[in-house]
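Heads up, the next two complexes both have subunit A, just with different partners, subunit B and then subunit C.
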Partner chain A sequence: MESSQMPKVVAEVDELPKAIVRRVVKEKLSRCSDAGDIALHKDALLAFTESARIFIHYLSATANDVTKESRRQTITADDVLKAIQEIEFPEFIGPLKSSLEEFRRKNAGKRAEASKAKELKKRKNDGESSEMKDDGKRQKGASDNEQGDANGDATDE
Partner chain B sequence: MESNTQQPQQAPPSSYPPGAVPPSATAGSFHQLLQQHHQQLQMFWSFQRQEIEQANDFKNNQLPLARIKKIMKADEDVRMISAEAPVLFAKACELFILELTIRSWLHAEENKRRTLQRNDISAAITRTDIFDFLVDIVPRDEARDDPGLGLPGIPAGIGGISGVMGAAPSDIPYYYPQMGQLPAGPGGMMIGRPAMDPSAVYMQPPSQAWQSVWQTAATTGDDESDGGGVGGGGNMVGGRDGQV
Partner chain C sequence: MQKREEEEEDDGEEESKLNVIPMSRVHRIVKSESPELRINQEAYFLINKATEKFIEQFCEDAFTSAAAQDPKRFLKYSHLSSVVNKERRYDFLSDFVPEKIKAKDALKEITSEET
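What follows is the complex of A and B.
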């Protein structure tokens, strides 16, 4: 009858990596005070980590609501930005937009490189099989045959 | 200084191209070249340091996107997430941690401490409206070091005073019915809003005893013991003005 023999099952919670949270906090603290280091108590670090995780939940739920209201399924960057406004952190919007732009630039660069590399590879392979010598036709054919996002986005550029 | 070279070349350093160091250069001009390089290196490193200090978008400080996505998906309502969303979440999280850090540090400063403690974070959460969603995560200790604060708003009040039935002490004119576990997470956003209309809470008293407590409070007119949101809440019921 007694459940003392039963192992307790505790749901595992994904936490943010403490080392990174610690670094963010410590760097800020070192800028706050001119007169030497501010120490960070272990419990305080846990509080930061927990709070950040709850912040993610709070923001996701709000963003998710924005998405659902627009009758969509996927949370987009714009949904997140709207949610940031809703939870009253408007000062974040500027830096967030910068991060987004940087991410898009890097991605565009990567995708362009990836599709170029694919094309080069294909042309090389075709050259080795020495079937077609008509490079112009091959080029078009290559992009039409490829599936997936890479080429699709490349053509959007 | 005696010249060690076979061909004494006394060309001034400025006429040398920066990269070229003829093997037959004198010790003097070579030394000057070294100094030039040293200066350039110094300039380079101080510029780098500036860049580093200004750059908040440090790769090292980037929270891992996969982990963030996992945390987001812990909420079953969240289904599909675009590739860009976790990027924004990572940045927003970092900015949030920075905000919380500053405000917590202020509290430590006020108490003349050089160690940031958990109660500093609690204080920051209590003081900042937009951090209300955290109020149950880092609970405020009973032993406060700044008693002059008073109750900042409805959430703290509900959390702190569990249902006291019947004999209400005269200095607690407001009775908060036991609300049970108030979700501090996504579902509980209504609590965090200071502008929330608390009449939804007070208009449906759970019992007759509860009503009589209100009547007593209305007649005593003894409502100045708490500041902040508590006073505001009382007014909304109309026990003061409207004489229910």
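What follows is the complex of A and C.
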């Protein structure tokens, strides 16, 4: 037998960090049971980690189907929510919508800060009044658009 | 695009994180399988959050099903594979979290089918 030439079967696949999966599971288990610590077997942790990865693909693919059916190219939050319904996990929808609102608020806050900073710079530049500063402003405006906003499609290539 | 991902990650770390799972990892996992997909920032956020919810739900379903048999102080692989086998919405995992049977039982099944 060519044991020295045995190919190593290593799945070089991206996985979620095991420590994080473990934390999510352990915290959930502690909420499930009042009867103290529930031990998590190693093979169960591996199965959770792998399942989470498969879930990401499954959800993305389903969301993509929703998007394509609407003749659009970019998957949106609504597409993902519809996909959640389709894959029969409707109990996620409420909590996901709340999280989404929080996410949008945070981003709106960030954009407000960014435009405030822009505004301050603009006033400073106007005070110094130079034609060349206009180019700098225009560039900043463009990059803001690129970052994408809550409602727009930030293309991900 | 790489730069934007890093920016997103940095932004997340400056404030309290909304996501437990690193966003960059979710990006990589999606890209590794489906690089052609176009997904906006909000959608990625939801995919991330939904995955976290999924782990919790799978955990709850497995634990409930295990505890129904007798009080469990631990969660093992067969608890998960049992749920996958029984609940339709977990069908997508049937190739990845299959029920394991002993080799000798598998052989017995094959020979009994042949006779």
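Methods note: the second predicted complex is superposed on the first by the 114 of 157 C-alpha atoms of A that agree within 3 Å, B and C clash if a C-alpha of one lies under 4 Å from a C-alpha of the other, contacts with A are read in each partner's own complex, and residues count from 1 in each chain.
The rule we apply is simple: contacts are C-beta pairs under 8 Å (C-beta built on N, C-alpha and C of every residue); 3 or more make two chains touch, one makes a residue touch a chain.
Small disclaimer: the values here were computed from a predicted structure and weren't measured.
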Superposition on subunit A - do subunit B and subunit C clash or fit: clash
First, second, both or neither for A:52, with subunit B first and subunit C second: both
Partner chain in contact with A:94 - subunit B first, subunit C second, else both or neither: neither
Contacts of A:110 with subunit B and subunit C, given as first, second, both or neither: second
Overlapping contact positions on subunit A, where the subunit C interface meets the subunit B interface: 13-14, 16-17, 20-21, 23-25, 28-29, 32-33, 36, 38-41, 43-44, 46-48, 50-61, 63-64, 73-77, 79-81, 84, 87-89, 92, 95-96, 99-100, 102-104
Touching residues (chain side subunit C, partner subunit A) in the complex: 1, 4, 7, 11, 15, 18, 20-22, 25-30, 32-34, 37-47, 49-60, 62-64, 67, 71-77, 79-81, 88-89, 92-93, 96-97
In the complex, subunit A residues that touch subunit B: 13-14, 16-17, 20-21, 23-25, 27-29, 32-33, 36-41, 43-44, 46-48, 50-64, 73-77, 79-81, 84, 87-89, 92, 95-96, 98-100, 102-104
Residues of subunit B touching subunit A in the complex: 56-57, 60-64, 67-68, 70-72, 74-75, 77-82, 84-85, 87-98, 100-102, 104-105, 108, 114-118, 120-122, 125, 129-130, 133-134, 137-138, 184-187, 189
Of all residues in subunit A, those that touch subunit C in their complex: 13-17, 20-21, 23-25, 28-29, 32-33, 35-36, 38-41, 43-44, 46-48, 50-61, 63-64, 73-77, 79-81, 84, 87-89, 91-92, 95-96, 99-100, 102-104, 106-107, 110, 146-148, 150, 152-157
